[in-house]
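Heads up, the next two complexes both have chain A, just with different partners, chain B and then chain C.
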Partner chain A sequence: MDYRVLQKLCNAPGVSGYEAPVAGIIADLISDYCDGLEYDRAGNLIAFKRGSHGSCGKRILCSCHMDEVGFVINHIDECGRLLFEEIGMMTRAYVGKRVLVGEKRIPGIIAVKPVHLLGSDERGKDPDEEKLFIDIGAKSRNEAEKLGVFANYAVFDSEYENFGDKKIKAKALDDRVGCAMLISLLKRGVKYDSYFSFCVGEELGLRGSTPVCERIKPDICINLECTTASDIYGVKGAKKVCTLGDGVAVPFMDNSAVYAPSLYRYVRGLADELSIPCQTKTAVAGGTDAGAYTKIAGGRATIGLAVPTRYIHSAYCVAQKSDIDACEELLFELSDRMDVLCSINERRYTHDR
Partner chain B sequence: MTDNIKKLYSARTVCGSEHDLAVFIKERLADRCDEISCDDMGNVYALKKGTGKSCRKIAVVCAADEPGFVVTHVAENGRISLHAVGTKDCGKYLGMKAESADGTQGILLSDISLRENIGASDMYFETGAESAGDVTLKEGDFISVLQPPVALGKNKISLGVMGEKIFAECLAIIAECGGNYCFDTYFVFVSQHTFASRGEKCAAYILGADTVIALCTAESGRLSCGNGAVILTADSGGRCSRTLTKELCDAAEGIGVKLNKCADITKGKPSFISPFIAEGARTALVGACCEKTAEGANICDLRDIRSAAATVCAYLIFEDEKENNTEA
Partner chain C sequence: MTFSQAKKLIKKIYAELASIPAVSGDEELCAEKVKHTVESLTDFFTEFSALPAGGMLFTHRCGIENAKKLLIDAHFDTVGFAVTELLDGGFVRVSPVGGVDRRLLFASEIEIYGKKTVKGVFVSNPPHLSKNSNDSDALPQIEDIPVDTGLSDKALRDTVSVGDTAGFVFSPCEMLNDILCGRSMDNRICATAAVLSAIMLSQDEEYRDECDIILSLSSAEEVNGTGGAYLGKLCADAAVVLDVNFGRDKDIPENVSYNFGEGCGVSYSCTTSRAFSDCVVNGARMRDIPICTLVEAKHTGTNAHHLANAHLATPCAVLSIPEKYMHQAHETVDMKDVYSCARTLCAVAYDFPDSVSELEKCRVIKKLPAREV
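Let's look at the complex of A and B:
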């Protein structure tokens, strides 16, 4: 993994609906390495790469999403305070965090009523979203409006950093990690003709992957994601989901999809065979673009690979480099075996499974 | 019919892992249909090709998956944690016998009391294992509830927690009775219905049928078993086509089948028809009354199931005649 690419991607803004900055970076990075590159009308960036062995007779799609959680400014009050709506699922842990608003990257903070002024019924509770606002230092509505912040997005203002024992912290690791891995795969080359989709709008409900699936009509998909690692809250058993440092997480099911059981087993077995650190995503939680791929346009066989990530959907997500490397390695190995995966999939509903 | 039902219910078809279903359908209908195929979702399509006189495509569909569980974690002490698949009402599975694909049998249990709300991930599978080493199951393995149907007297049958699956038998009967119609007829055994109608969404796209008749149970309090087939005018996802519903009623009347009409718009219940409506098909719902569903007993009357099958068969025959007359 080229971590400089990941750093560049994580630091770029790309809230759902406003993915252009990230898409531009990705397009620049891959344009020399693919045989076709275009945006669809939804804003998805779709690349095509010829394989060294040509086509395996099936349409292969490797996918990730470019967007990240954030905010959209929906009102400016007389005092110049920016009221907002969340884009994507988040906890209110964003209170007090720094944000950058709009293309001009105007610095702001997510402010809330100070504790001294809270009534007894308000203390110890998450503040209501309606009572939160972004303070950009404007004194009036007029002053704020002139900055072009209305109906614009806000994104966490946090820099990618290395820390701890080969860990990284950054906003938007979900799913810039996936983007960085697909870029690596494009640069390395593929054995069989493959499509690559960098999707928009995943955090808003799989809005990008749906048209991608309808258009490409892949026979098989590999979907790259980040998944929650609840390994530090005293959670035990399946509810831990996965553990940082234990390798790439492979899901068998989440709230949006049941992954083809035979493919899931093959992927887990292959990782063990190649000694690639790998774990099962144990909780049936969350949803990904696989929800669209397994259902849209007749449903496509889909494999999920995920990087365990703590504090996902926050200003500082944390991931372990060894997990990212393991995910990338498994992606490369699977990419070389797409013919095998397709043949396993074709045998799913016969005696010869 | 009872033997066939027993065979059907012995096929493990937990939502998302319906491999056995495809095998069962292929064995059952291979000689009766022209093509049998599956899609990546697990839906099974049995096609009876038309004579070519009509370009219409009629589909008769049923939900063939069943609620079950998937292994999410095997603890050091051998406890096997589960997540429910295709059901939210986990309380009714407590204490039931279950089995995995590798033949491991056990009991479904939870630490949460029945008085509380048992969540989808609050169940575990007690197999008697004392350590992880005793367990052959892995995360991602599916667990089927072992609840064979129980014949109640001459005509009634208790289907346990798997009420809808009876219509796979009903659909198989319709497919077996199918003649050489002038239009293509698809008999579709839908998987992952209980997972937000995901199977229907795939089938609707793949088929592009102009007419879809879905078979399903009716849980209306006004109805009781043994009173004939039921025509539903709507389900939780949409309203049926009035003309198609009328055509089905006429077909039933034409062969003397007693019909009841109702709508089952139970909120939160996956829709049988909305994905097909979204793809532009005319849809109708035919089924039979199911009693004691909330208690997990799902009692049906086999005469009603046969009436539902006869209604659909009659409709197909009448449509064939109509098309042929139009041709002439």
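Let's look at the complex of A and C:
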């Protein structure tokens, strides 16, 4: 994994609906390495890469999403305070945090009153989200409006950095890690003709992947994601869902999708055979673009590869480098074996018939 | 067209369109009537088709081969009720269709669309018989507030069947300051604005007529949005989705509403096209048409949410008319905002071939293999 690319991607803004800055970075990084590159009508970035062995006779799609959680400014009050709507977060994950508003990256704070002034009915509870606002220091509506913040986005003001023991900490690891891996695969090259989609709007309910699936109609899809790791102090057993340092997470099911069982077994077996650290998720939780891929256009066979990530959908997501490397390695190995995956998938249908 | 000329047309078009019931689920039954109504109001549209899901399409062809397609959608369905049981004594039980506020139904008049239209009144205990009239917890479900038709059992059974729909009674009126009041403003007033814009374009000798315009009066927005999702198959180059939004009022927060009389509004959202929304806003402002903007970040609550990513995706802008008392028996709008909406639609049509070409310009970096897609 080229961690400089991941750093660049994580630090870029790309709130759902405002993915253009990160999409532009990705397009610049991959345009020399692909044979087709287009934005579709929804803003998804779709690339095509010819394989060294040509086509394997089936359509292959590798997918990730570009968007991240964040905020959208929906009103400026007369005192210059920015009212907002959050995208994809719980209140407690963002109160009191620093943010950067819009393309001008105007610093702001998600303001909440000091603990000393809380009424007895407010103590011990999350703040009422309807009372929260972003303070950028503006003194009037007019001053804030001139800065172009209305209908604009805000992202967490937190920089990518190395953390603890061979971990990284950043905003938007979900799913810039997936983007970085697909960029790596495009640069390395593929054995068989493949499409790559960098989707918009996943955090709004798997919106971008729907038209991608309608357009490409892949026979097999590999979806790259980050997934919630709850391996924190005090959590035991299956409630951890997955564990940092135990390798790439390959889910068999989540709230959005049932992953093709025979392909799931093959992927787990391949990881074991190649000694790539691999685990599954021990809870049926979360949802990804796989939910769209397994339903749209008749439903496509989908595999999920995920990097276990702590504090997902926050300013400070934490992931283990060895898990990212394992995920990337497994992606490369699967990419080289897409003919095998396609024939397993074909047998599923034959058997079903 | 001046506002006073437009105002007369607005009242006429609205009266014609809102007199057609079309509670969600019944659109198909009303399609023929809607077709004749629109055809009687304007000859701008030369093609009509009824969609399997109950929606209706009116198409204007500019005559240019492979012309760009502008879709204007205004859902035609309205909230109401469906009869679920015929009760003894001339009463019926109904379920809501779409979001209806049950607090407002006691002693309200509705009409039931049976073999013939039958008036009904939701029952209400007089205050001196109510134990807990101010206890909101005691508020019954709509299914538990029977509707009195006043009919005998036999007459009821001869006229009304389970599955018939019912709606608020149509009694429009004009109030002070150009305010128009009536049922189903959501969304017949937007359909009114769309028809008005068609009349304006057909009377405009300077209109270049360089794009096909499809007016969709879609179905099922109030229940599940399937009518909007279906429109994705039209592969329009862009779509303006018309719907009502909240007029500012006491207890309505400023960030979700806008004022009567200050123009129609464009909703910016993470789920619609900001570039096309900008085209709509700029087109209006260039022509001094009053227009407001607001943000509905995650969900516009309109067909645009379903259309924007359906099929191959359609760049959408949401254009709305502020309205008070939404989903109630008597909704109000300011006709100046309806006029602004119709003028904005004309501006979109004027600018469309250029604005949509601008949107497409940056999409292709390296062409994807054509045979593969």
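By definition in this document, the second predicted complex is superposed on the first by the 344 of 353 C-alpha atoms of A that agree within 3 Å, B and C clash if a C-alpha of one lies under 4 Å from a C-alpha of the other, contacts with A are read in each partner's own complex, and residues count from 1 in each chain.
Going forward, a contact is a pair of C-beta atoms (placed from the backbone, for glycine too) under 8 Å apart; a residue touches a chain by one contact, two chains touch by 3 or more.
This structure is a prediction, so every number in the text was calculated from the model and none was measured.
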Once the two structures are overlaid on chain A, check if chain B and chain C clash or fit side by side.
-> fit
Determine, under the contact definition given at the top, whether A:R215 touches first (chain B), second (chain C), both, or neither.
-> second
For A:Y311, decide between first (touching chain B), second (touching chain C), both and neither.
-> neither
Once the two structures are placed together by chain A, how many degrees is the angle at chain A between chain B and chain C, based on Cα centres and rounded to a multiple of 10?
-> 60
Considering only touches as defined above, state whether A:R300 meets chain B (first), chain C (second), both or neither.
-> first
Larger residue footprint on chain A, choosing between chain B and chain C, goes to C
Figure out whether A:Y3 sits in contact with chain B (first) or chain C (second), or with both, or with neither.
-> neither
Touch check for A:Y33: first (chain B), second (chain C), both, or neither?
-> neither
What is the minimum C-alpha distance, in Å, between chain B and chain C after the two complexes are superposed on chain A?
-> 5
Would you mind writing out the residues of chain C in touch with chain A in their complex?
-> 254-256, 268-271, 274, 293-298, 308-315, 362-369, 372-373
For the complex, which residues does chain B have touching chain A?
-> 15-17, 19, 22-23, 38-42, 44, 70, 72-73, 75, 79, 81, 83, 85, 120-121, 138-140, 142, 192, 195, 198, 201-202, 205-206
Can you list the residues on chain A that touch chain B in the complex?
-> 236-239, 252-253, 258, 260-261, 264-265, 268, 280, 282-284, 294-301, 345, 348-351, 353
Name, in rising order, each residue of chain A that touches chain C in their complex.
-> 15-18, 27, 31, 34-42, 46, 48, 59, 72-75, 77, 83, 85, 87, 150-151, 193, 195, 201, 204, 207-208, 210-211, 214-216
